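One chain, chain A, appears in both complexes that follow, with chain B as partner in the first and chain C in the second.
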Partner chain A sequence: MIDNQIKKNIISKLGIEKLPQDKIGKIMKKLEENIQRKVVLEILDLLKKEDQEEIINLIEINDDKRISSFLSEKIPVIDSLIKATAEAVVREFKISISKG
Partner chain B sequence: MRNSFEQLNNQEQQDAENITDEQPIQQETRSEQVPIEERVDGVLEKQDNEISRQEAKHDKKTLSGFKKFMATTMLVGSSFLAVGCNAEKPSVENSAPQKTESRQGGFTDNVHDNVQQRLKIKRAEIKHMHENSRIVK
Partner chain C sequence: MINKFEGEPNLNSSESNLNETGTDINAEKLEVEGSEKQEIKQPELLPEEQLKNLEDGIGTKGQEITKLTESIEGTKSELDEARGELGLPPMEDEPPNTASDKEKLEKLQAERDALEKQKEELVSQQEKGNLIKEEKEKILQEKLDELFKEFEGFNPGDLKSILNKGKTKEGKNVESNSMGELDPEVAKSLAKAFEEGIKLLPEIIKNLPELFKKFDEDLTKEAMERVDKKLEEQKKEEKPEESRPEEKSETIEDKIPPVGEIKKESNFIEGMPIENPKG
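On to the complex of A and B.
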């Protein structure tokens, strides 16, 4: 759950503040989903098949701690990767809507 | 009689001024909002299609397992969108375009290119680390 100030900042940075509230809500939800899906793809691209299988096994037994440490071990720059991917999706969105 | 004729003339002139003052604002609002909404829908659909195309190359079970994990664990108390927008900081993007990078190390003034450049570097770093760990073993 994001607080109101952060939500306002997101809306302002996306440049969608003039749109109706329900539309803004839908855009934010869809962008969040797109970023999440893109992050998953970026992570999968960096993992070997056997590492992917290992993680799926850990997900199935809900061992979140081990998943996190496994991912950090396999992809030490995972935080930067998430940030760069999220920024790329947002940037693409902003550039495309500003082109008109 | 002449007075009332002048009053009528003035009234007509005033009405005409009011119309020319009001009309452009209404038109501007209408023509500004519709294209933005259409553009937004188009961009989101394009992103969705592109991601779906990439997802089709992966196993469905792996993808859904990962998505579930990402949604519940990776960013507790925050959102990917907030990270992508740097929304923890107040917005300063209303006027001039941002110039956030110098031209050193392959970076340019285009922020989009720089993000892609950073992703490329990170991927290369990770590949290099994997190769090194294989050599050590």
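On to the complex of A and C.
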């Protein structure tokens, strides 16, 4: 879901770049899962019922190309939505680890 | 799945200002073409269609509730696991975004409850409608039985006149104790049914389909009174059972802890790298 550049940004924002790669990988995996699920929820909230069914089908068959074009067509603000969701998750995690 | 982050600006850059004020992304209403809310209650629809719409709505809300509940449960465990990688213990508080999800969940549950209530009311209305219809038939049959008894007491001349003209020998409309003044056509048809020994309503209705319409207003009024009385009596009989304290069953809502206070982010945290993460 998140490309390498964005991963780097998140790692840098969290200040965990000096950690061992396997630890960074595990942290990123959990954050990615979290971001992805929240994005899906936001998307479903914005779509009509028939479009919800369509996107669920596309997710199930893992058709990335069609998912991308479908979402761009149905939700013009999809880029901002994903970005905002990712930022919210990262910020939340950052707050959590700052509290110890 | 979704490679939408490609080419996105650095999250630390000044362009990346979405949610920097701590605004909940759920509160940002994004305009989407054609995403108008589904109307559930449409008075012009048939009761069956209304019921189906309500059931669909309840089903959709249920699915949303399930997804959101899973998300709430998943969020904390994922963040806790990520914290674990940094050598940190699980969070004591709920993650702030989870709190907003919980508010959303409560709203969805309230919406689903409202739809359930509408469905209950609709079903109860339908049931009452059926009871009234049955009661109307019963009342009309009672009235016909009484009328036929009256016919039995008529002298043959009067009965013959009613059979021929729908009126008495004196040319007056038939005055019945049970059904009041009878329209000549109705009197004629009913006298014919009496003469032929047809006494049951369904058979009479076949030859006189407008019979219900003629007496509809009075029948409906009387049937409604009887049904209301019956329902009232049923309620009284059921009350002692209802007043027993119910055993509380554990629902999915019960499993969710109460919504915690949404903690605002401290400004000093934003943009600051985490020093010496434990690991």
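Keep in mind that, in the parts below, the second predicted complex is superposed on the first by the 69 of 100 C-alpha atoms of A that agree within 3 Å, B and C clash if a C-alpha of one lies under 4 Å from a C-alpha of the other, contacts with A are read in each partner's own complex, and residues count from 1 in each chain.
As a working rule, a residue touches a chain if its C-beta (ideal position, glycine included) is under 8 Å from a C-beta of that chain, and two chains touch if they have at least 3 such contacts.
From a predicted model like this one, the values you see are computed outputs, not experimental measurements.
In the superposition on chain A, contact of A:V89 is made with both chain B and chain C.
By the document's definition of touching, both partners, chain B and chain C, reach A:K30. Look at A:E60: by the touch rule set out above, it reaches chain B but stays clear of chain C. Comparing the two complexes, residues 1-2, 6, 9-10, 12-16, 19, 23, 27, 30-31, 34, 36-39, 41-42, 44-46, 59, 64, 67-68, 75-77, 80-93, 95-97, 99-100 of chain A contact chain B in one case and chain C in the other. Chain A makes touch with chain B in their complex at residues 1-2, 6-7, 9-10, 12-16, 18-19, 23, 27-28, 30-32, 34-46, 52, 55-56, 59-60, 64, 67-68, 75-77, 80-93, 95-97, 99-100. Residues of chain A touching chain C in their complex: 1-3, 5-6, 9-10, 12-16, 19-20, 23, 26-27, 30-31, 33-34, 36-39, 41-42, 44-49, 59, 62, 64, 67-68, 71, 74-100. By the touch rule above, chain B contacts chain A in their complex via residues 32-33, 35-37, 39-40, 42-44, 46-48, 51, 54-55, 58, 61-63, 65-75, 77-91, 93-94, 111-112, 115-116, 118-119, 122-123, 125-126, 129. Those residues of chain C that touch chain A in the shared complex are 1-8, 10-12, 16, 18-19, 25-26, 28, 30-36, 38, 60, 64, 67-68, 70-71, 74-75, 78-79, 81-83, 85-86, 88, 91, 95-97, 263, 265-266, 269-270, 272-275, 277, 279.
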